[in-house]
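Next come two complexes, and both contain chain A; in the first it sits with chain B, in the second with chain C.
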Partner chain A sequence: MIALYGFLFAPLVVVAGASLAGGERPYVSFPPDRLSFEWYGRIPARYVESIGLSVLLAGATAVCALALAVPAALGLVRGRFAGREAVALFLRAPLQIPFIVVGIAFLQLYYALGAAVGINPRGRFVGLLLGHVFLTTPYALGTVTAVLQRFNRRLEEAARTLGATPWRTFRRVTLPVIMPGIYAGALYAFIVSFGEVPVALFLANPRVATFPVELFGALQFDFNPSLLAVSTLILCLSLAIIVVFQRIIGIDALLRATAGRDP
Partner chain B sequence: MTQTFRRWIGALLLAGAALAIVGPATAEERFDGVTIRVATWGGSWRDRIHELIGTELERRGAKVEYVVANALENFNKLIAARDSKPPFDVMEFQSDLWKPLLESGFLMKLTNADIPNAPTHDSVAVSTWTLEEGIVYNTEKFKENGLPAPQRYSDLLDPKLANRVAWPDISYGPYALIGLSTEFGGSELDVDPGLARLKQAALPYFYRSSVELSTKFASGDVWVAPWHAGWAVRVKRAGLPVAMVFPQVKDRHGVIASGMIGIVKDTEVEKAAAFWINRYLSPEVQLAFCSANGIAPVNPHALETMRGDPLLSSLMLLSPADIAKAYAVDWNRIDLADIVDKWNRTTAK
Partner chain C sequence: MKARWGWLVVPCLVATGTLLFASQAVFLRISFYRDRGFGRVEPDVTLANYLRVLQDPFYLQSLALTFEVAIAVLVCSLVCGCPAAYILARMRSRWTPLLLGAVIASALVAEIIKVLGLVVIFSADGVLNRSLLAIGLIDAPLRLLGTVPGVVIGLLHFTLGFVILLMFGVFQTIPRSLEEAARVHGASRLRVLWRIVLPLSLPGMVAGGLVVFNLSMGSFTAAALLGGGRILTMPVLIERTMVLETRYAIAACMAAVLMSSVLLVNVAASVVLTRRRAGAVA
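Let's look at the complex of A and B:
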């Protein structure tokens, strides 16, 4: 177990430790020969702005992906129509497409749209959002479908028998029960969107550049420890989010959504 | 002469003097309301470009945006945007993209562009700097192990250096492969001799990222690598004990590649773009930018000034004669796609 945790956390320790190495150097230096918080104070403003954009984009992506995934999951699990399996496969198809191909495809689509109707979403927040929703909806669909398949429909029947309308039944009975699946789907969509590079590389522009694209652009050419400093801060933020998530919702809820246990 | 007349003459003279003082200041070119988009590399490269050129344009009223990616990715963006508004106005690239860009027609001819700092500009791009490729090695490690300094690319295939050599992946560029091939009768048109030697040597590590290589140099995992002088300058400034060798390639020493810049066709900010290029080629910008990045300027005054820097002189070719003696790849004849294909079939693991 110690070896496993060591294997998992060693890279994070190296990143955090190297971020404390003082002095100008174009390479990672671990262990640091001189400790300093110098690079934390030299994080460029554009990294902070891009982090804000990435958080906003990832949050919006999670919401939009769920808005599509929940009704789709209800239709796939409960619907009885010809071609249901084909529709399910089609909705999961984005998982099979390399992200860079998605990026190029969306770029071409946007230029074609611009030529046809004069609206080109490339370089705009909505353009990035559409691309990320395409990528992440299958993840949300997967988790919501998993909990819906284990859902005991007698609970809904009981509510209807007692006079609840279909909407009230959904809101007061179905939704709370499938909420772990929704939270899991939202988390996966957020994580995928936040860390995504290939699609954002093609669809971003200088005004709309996500944090991974900024990092990628910087690392392609050179390196300085401010990249490690900002990565360490992101790591600490992620840990804080997990702690808050555990306190409010509980990590167990996420595990139940993806395991084989009844809610 | 009446007093009134003298007063009028005096007033006219004063007005003329005022115009003479104020006149040149109002002649400064302004770019109010102009947004110029520059496609260039990221990191400190973009930061320095902005500090030296971008801030001057901003001072003159322009807004500057950077499309940061490697040149090939930016070229792909131009292709995707064909028949639409181009995604940027000015593009930096290296000479390996010269032929595709020339044939694609994406860049405008600079004949009528206002670039007085460029000696000639009758093509679609001008050279801005020279990248110098050679061999970088750790002098301390070589001395400790009693190894002679490498002189040729084939010296790196010595079994004594087996686990201490980093050879560049083809994605870095074909310079080292071309250099190795010329030692065995090949050239940029025939890299088979070099590929055969690399396959035979079975080197364990091919680097794709200079950042990764600099970390391996710092940790002592790598002692020697074909690399360019810019990185040698950077790691030496960080304290690593490195030296640079420009190996013989046919009857030349070292391999050079050019940095180039062009204006994208159908740009709406042609004047600002021309200003950008002209400023890039000014002596002060050439000196500051090229000294920081370990590349040779095209401006002769800047080149001469850099020769006075001991660190730069020890790692770079800084005289016109030495640069002229370096091997320049003929990008008009080379088939890079074929070289990449052969590389993938021969050395990819």
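Let's look at the complex of A and C:
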């Protein structure tokens, strides 16, 4: 078990440790001979910009994915219509397509759009957003559906009997109960959008690139220890977000959401 | 009232459906076009790309390598992940939430940052090689960057957390009392694992295995960076064909082949599982 946790956390520790290495040498040393934050002062502006873009994109993706997924989950769990199983299966289809294939398919779609109507969303925020919403909606759908399936409808009946309007019932009874699923869905959509390379790589361009795409390019072509510093900042930020979410929705809900994130 | 809930599915269905059909239709159509190189395709429908990708040893080797890597990752992550998940599910300790939280946190950190760490660890004068040399376990630095084992370890890092979490959920649903009953009746610990825990968790393992397989077949980031341009799995090759060689039709065709192989394996697995379940009931 110790070896396993060592394996899971070693890369993270190494990134954080090596980012603190001082000295002029532009290469990585771990364990660092002397501690300093100097690489943190030399983070190029383009990385900071790409992080801003990534955060904005991931936030917008989470909002859009939930706006689609919450009603859809309600419809799937509560609706009684023919072909419900098939619809549920269909809405999970994006999970079955390898990310790289999604990337290439969307790029071709954007080229085709550009040729047909003169609007090519490649290298634009909306282009990245469409791709990421497509990728992450099934995750959000999964987490919200999981919570809704265990929802006790009697609670709503009680609220209605006591004179609440349908909307008030939804807002005051249903929504609070399914909130953990919504939070978990938002977290997953955000995390997938924020960390994903193969789709953004195709849909970004040098001016509009997400942080993982910048980091990927830098790792292939021009490595620089300031990358370790940025990555460490992102790492700390992600860990903080995850810890906060675990506090808010409880570890059990997060666990169910993780386990239920795939069909 | 009940009939109205169903309509709520419509926006999501329209959005996903439009994006799915539009993107798939465009890219699948291009995969049948004649490739002229330099980003040009000629819109006459031909099977030439598919014949080429499915006959040329270069592409076939890449497909075989992708399967090999995915299967290796699948086996390793189940072998490492299941015991860990079982221990976590059965231990009664106040540390369990913390240990689980740590797995969740490590699973959710962006893959590229983990890969960056692995690159630093694996490099010839990196931590791993220096410590192994220091304790005399190896004589020459291990080469992991740009090798298949390196890529497998990188993918394993990506999938292991998910396997542990998935299998934790599976083991939790197996009542402890079943195992205790078997123990009371004289079964050894090993026998309990073999006759009770394994059969009951097998469907979960298959499901978890499929998730790992799908993730590994499509994994790009780890394979591209840890493979260092030498380990050409399908996703890496697709990206190269698309970006470096700008042969769009060939790249689309390879993507279609990759996607179909993944779908085929998933369909086959679900058919076998349904048959099995039907057989068990009958």
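Just so we're on the same page, the second predicted complex is superposed on the first by the 224 of 263 C-alpha atoms of A that agree within 3 Å, B and C clash if a C-alpha of one lies under 4 Å from a C-alpha of the other, contacts with A are read in each partner's own complex, and residues count from 1 in each chain.
Methods note: a residue touches a chain if its C-beta (ideal position, glycine included) is under 8 Å from a C-beta of that chain, and two chains touch if they have at least 3 such contacts.
Note that the structure is a prediction, hence the values are computed from the model and not measured.
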item: Side-by-side fit of chain B and chain C on chain A, or clash; value: clash
item: When both partners are placed on the shared chain, which of chain B and chain C touches more of chain A; value: C
item: First, second, both or neither for A:Arg207, with chain B first and chain C second; value: first
item: Chain B versus chain C as contact partner of A:Gly114, first or second or both or neither; value: first
item: Touched partner set for A:Asp222, first chain B, second chain C, both or neither; value: first
item: Touching partner for A:Pro94 - first (chain B), second (chain C), both, neither; value: second
item: First, second, both or neither for A:Gly52, with chain B first and chain C second; value: neither
item: Chain B versus chain C as contact partner of A:Gly195, first or second or both or neither; value: second
item: Touching partner for A:Ile104 - first (chain B), second (chain C), both, neither; value: both
item: Identified clashing stretch of chain C versus chain B [76-84, 166-174 or 238-246]; value: 238-246
item: Contacts on chain A seen with chain B and repeated with chain C across the two complexes; value: 28, 104, 107-108, 201-202, 216, 219-220
item: Sites on chain C touched by chain A in the complex; value: 2-3, 5-13, 15-17, 19-20, 22-24, 26-27, 30, 80, 84, 87, 97, 99-121, 123, 126-127, 157, 160-162, 165-166, 168-169, 207, 211, 214, 217-218, 220-221, 224-225, 235, 238-239, 242, 248, 251-252, 255-256, 258-259, 262-263, 266
item: Interface residues, chain A side, partner chain C - complex; value: 1, 4-5, 7-15, 18, 28, 30-31, 68-69, 71-72, 74-76, 78-81, 84, 87, 90-91, 93-102, 104-109, 112, 130, 133-134, 137-138, 141, 187, 191, 194-195, 197-198, 201-202, 212, 215-216, 219-220, 227-228, 231, 234-235, 238-239, 242-243, 246, 251, 254-256, 258-259, 262
item: Footprint of chain B on chain A - complex, ascending; value: 23-29, 44, 104, 107-108, 111, 114-115, 120, 122-123, 201-202, 205-207, 209, 214, 216-224
item: Contact set on chain B toward chain A in their complex; value: 37, 41-47, 65-70, 73, 76-77, 80-81, 83-84, 87, 209-211, 214-215, 217-218, 231, 234-235, 237-239
